[in-house]
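Take a look at these structures.
Shared between the two complexes below is subunit A, which has subunit B as its partner in the first and subunit C in the second.
Right after this comes the complex of A and B.
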């Protein structure tokens, strides 16, 4: 299946141009936050980035998680230039519409709103809880808002699976497309930063006291929590695709694939010891990790995939934003035009299971 | 006494307007732009049935008032004026 459209909202802004700019500019300091009187850092999405009155006109009650998801999904859909059908709303471009499914992958979902809901119960009793807070805390809320805001009437699902939620979403999208259940699938991820998450990061993991995630440091693995959303419009037709998702595997080697031209590792400090990533790095294949641009998120694979897709589309390698490299890995140090055909995105979970996404460039691949 | 009542009502209306804007996430409107006699639902401020339930929650949380039989108390929810009057009278009863 192909990545036909892409939308993103993250700490450095909204849209593919913001992603491209962030990849060019390299590491930027995260926002300073205070956790129980201590200074810490987080990559937070500015409210301005999700203030879209036209798109969100019927979403005043939505929480930040849902708004981020809708904004990213909307841009992915617009980028793919696909007509929506069946829909009570007229298609903006006319013509036959397409069946579209929505899959939201998230590790923690609406945890901020859920904790608000629980706080309300404790403070006011169960009769004094806001119905809006309750409805936003429901697991499928973000996916429902996407369907509603974009006029999509296809299947809608939320996948929660800590580190591999995005991988599962891609696998399911492939099934829906192959079955013909959908012509296209909007699959993506969304995570939100909040006080409870900040506390967990600060007390259970190793905070990066200088604000820098150092993906190649491995141990200790420093983290800075992040938030944001990235969505991809996926379809089996080639279109003007960013790239092809050639293979997605979880705890299983991808079959018969040549060595990648680039390894993107999802190391971001969420494992206490990330030495396991040594197993997937090779001196012959350059490696990159872009978590220092987005923050540490259990579904950060989607953000690294977005960077990979842009690399393949633009045929350009982007320098690692943080280049601390105590083990002397072969890492990408420069941003420069290059010929890349195959990118492997690798994530390990805390049980050292490995998930891989292979992205293949369309322009090069089609010529072969 | 009249002056105290007027002052109390004015304060309740100000608080209500601020709560409506913040707790109902009303966009493009400031509390001071809501008129005291503006119809809250439908054509006026444009609130809907879920907002009505949120207002019940606001009355309970912020003013300690329970509104039962919502369907038959539409008169209370007509405007800021009617809500403020309801709050003022029922607080007085409860005190």
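Right after this comes the complex of A and C.
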């Protein structure tokens, strides 16, 4: 399965050029936020990045979560050079959009809109709530907006798990492609920042008081909440692919793969103690972690995966944005051209279960 | 071929599959006012009246319901509660359990800037499929589907794909949802909840009734069932899913997405519309759903189709609906009869179908269950029985 297109919106902007620029420029300070008198940090998406009157013309009432998802999905579709001409009167077999599936993976979904709806109940009572707010608080609203904004008529699914939702989405995308259920699958993730989330983060976890997530610090593990969306257009045809998704495993060892050329770890301060990541790091394989660019998100694996895909496409390694390294791991310190064939992206959850995504940059297109 | 080796269900219609079928047979409609939480809303609802103590989980009713149904399905399949030696996946659909919508927690945060983390911990440890998977020590893929009202149907469809593609040998799949104040307020605000008992496909239908429950299938490959020495007359043969690409809350008026989902499920199964003996329809009793769904079913299957909605017995159980209706469809094939479609009295001239008004024998070997979701997703499953 190949990554044919990629779209991203995050704190440093929108699009692959923004991602490339952020990876080159390294760590940037997050925004300062004040919540109920407490000062904190967050990697927030600028409204400007999701202002698109053409794409979002029918989404004026949609929340930020859905808008971020539609923007990222739209760019992934366009980047994969797939054009859809939705039919106003589709045949039973569907138009071109029927060949594309959508899988939205999210840990927390529309929690901000859900709390808005709870505000409605508390302020106006059970019979005085807003139907628009309720409709947008339903977990699959973002997926619905993606399908209607982009003319996609294939299977459209929203899935949730707290740490491995994106991995499961990739596994399912591969299955759908193998079965011929779709020719392409738009799979990705979206998360939104909100004050309740920030309060929970700061209460249960260690806030980064200098705004820096330090992925290789491991313990204490510092977090800065983030938000954004990243989508991949996946297909079995080679196209002008970023890379191949060679293997996805959840709580299981990947089958007979050679050692990777680079390990990307998803450490981002969302585990109280991230020492478990020592188990996947090796002195022989350089390691990187890009969560300091995106923020701490339970589905942050997708963002690291995007960085990995860009590395393979550009044959370039990007320096770690934050290089605090008390254990002396072999980490990537320089941004430079290099030959990378296989990247392993690793995430652990709070049960110390592991999920891995292997991205391969050469021999693309053999279609697994 | 993917066998169905276990069925489990709990809803207002019964605490297990056998009780439910007896209840269907007696045409019982166990609805009443809301007792689970305080609300001024006066809609009738279908509550589960008894959760056995051993399944009770403070503040996590959806998980309790899911465990009851999963336990029954596993017992039916002859499986133990420790599945660690097998390759078992868990795919479950829900709506309520995926959101941190604890009103007390939020009110405290809103008023004081601080709140207890107990509801947060419950939520973080309460991802439906992960919870079920850990409870039974399942070691295969795990996924919670949150596709609104088609969640349960889609979850079973995903599990079917897992099995066909070798990701696991056995899957626990279905849906679960509790009756909760948040969706009751939300659906009420949309003006689609009836103040009377719901009347699917009836001319005078006034909207849906909310309910709660869980429906779970154990499905497994033929090889796995053979290794365990289990045989089954029932199988899951196909799944189809398609998006309307139309509107956040309203179904596409021409039913094109639903039609594609149904045709995909039929082609997956290698059968034709004429092979379907009955359809357990989504049939929520809202004006829009029943008009679009009834018209589409009539177009595909003809006007003589045996069609029913079991929501007259369970209410609309949201993320559980597809799971419950899958269990009911499979059980109907096994037992050889379908119940009357409760609540129907008068034909709607705009809908070309009349649902079954009395218990009817199943003639044929295939059944279809459909789900239409908020967000415009449509999903369909085909179940089959082998000749005895």
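Remarks
Please note the rule applied: the second predicted complex is superposed on the first by the 348 of 368 C-alpha atoms of A that agree within 3 Å, B and C clash if a C-alpha of one lies under 4 Å from a C-alpha of the other, contacts with A are read in each partner's own complex, and residues count from 1 in each chain.
As a working rule, a residue touches a chain if its C-beta (ideal position, glycine included) is under 8 Å from a C-beta of that chain, and two chains touch if they have at least 3 such contacts.
All figures in this text were calculated on a predicted structure; none of them were measured in a lab.
In the superposed model, A:300 makes contact with neither subunit B nor subunit C.
In the superposed pair of complexes, A:204 makes contact with subunit C only, with no contact to subunit B.
Once the two complexes are laid over each other on the shared chain, residue contacts for A:269 go to neither subunit B nor subunit C.
The wider contact with subunit A, measured as residues touched, comes from C rather than the other of subunit B and subunit C. Within the superposed three-chain model, A:129 lies in touch with subunit B and with subunit C [touch as defined at top]. Using the contact criterion defined above for the overlaid structures, shared-chain residue A:60 touches subunit B, although it does not reach subunit C. Of the two partner chains placed by the overlay, neither subunit B nor subunit C lies in contact with A:7. Judged by the touch definition given at the top, the superposed model places A:308 against neither subunit B nor subunit C.
Shared interface residues of subunit A (contacting subunit B in one complex, subunit C in the other): 127, 129-131.
The part of subunit C that touches subunit A in the complex is made up of residues 39-41, 95, 98-101, 103, 106-107, 109-110, 113-115, 117, 120, 124, 127, 129-130, 139, 141-148, 154, 158, 161-162, 164-165, 167, 181-182, 184-191, 241-249, 254, 256-257, 259-260, 263-264, 373-377. Contact residues on subunit A toward subunit B in their complex (touch as defined above): 53, 60-61, 124, 127-132.
For subunit A in complex with subunit C, the touching residues are 35-38, 86, 89-94, 97-98, 102, 108-111, 114-115, 117-122, 125-127, 129-131, 134-141, 143-145, 147-148, 151-162, 164, 168, 171-172, 175-176, 178-179, 181, 196, 199-200, 203-204, 250-251. The touching residues of subunit B, when paired with subunit A in their complex, are 23-28, 50, 53-54, 57, 60-61.
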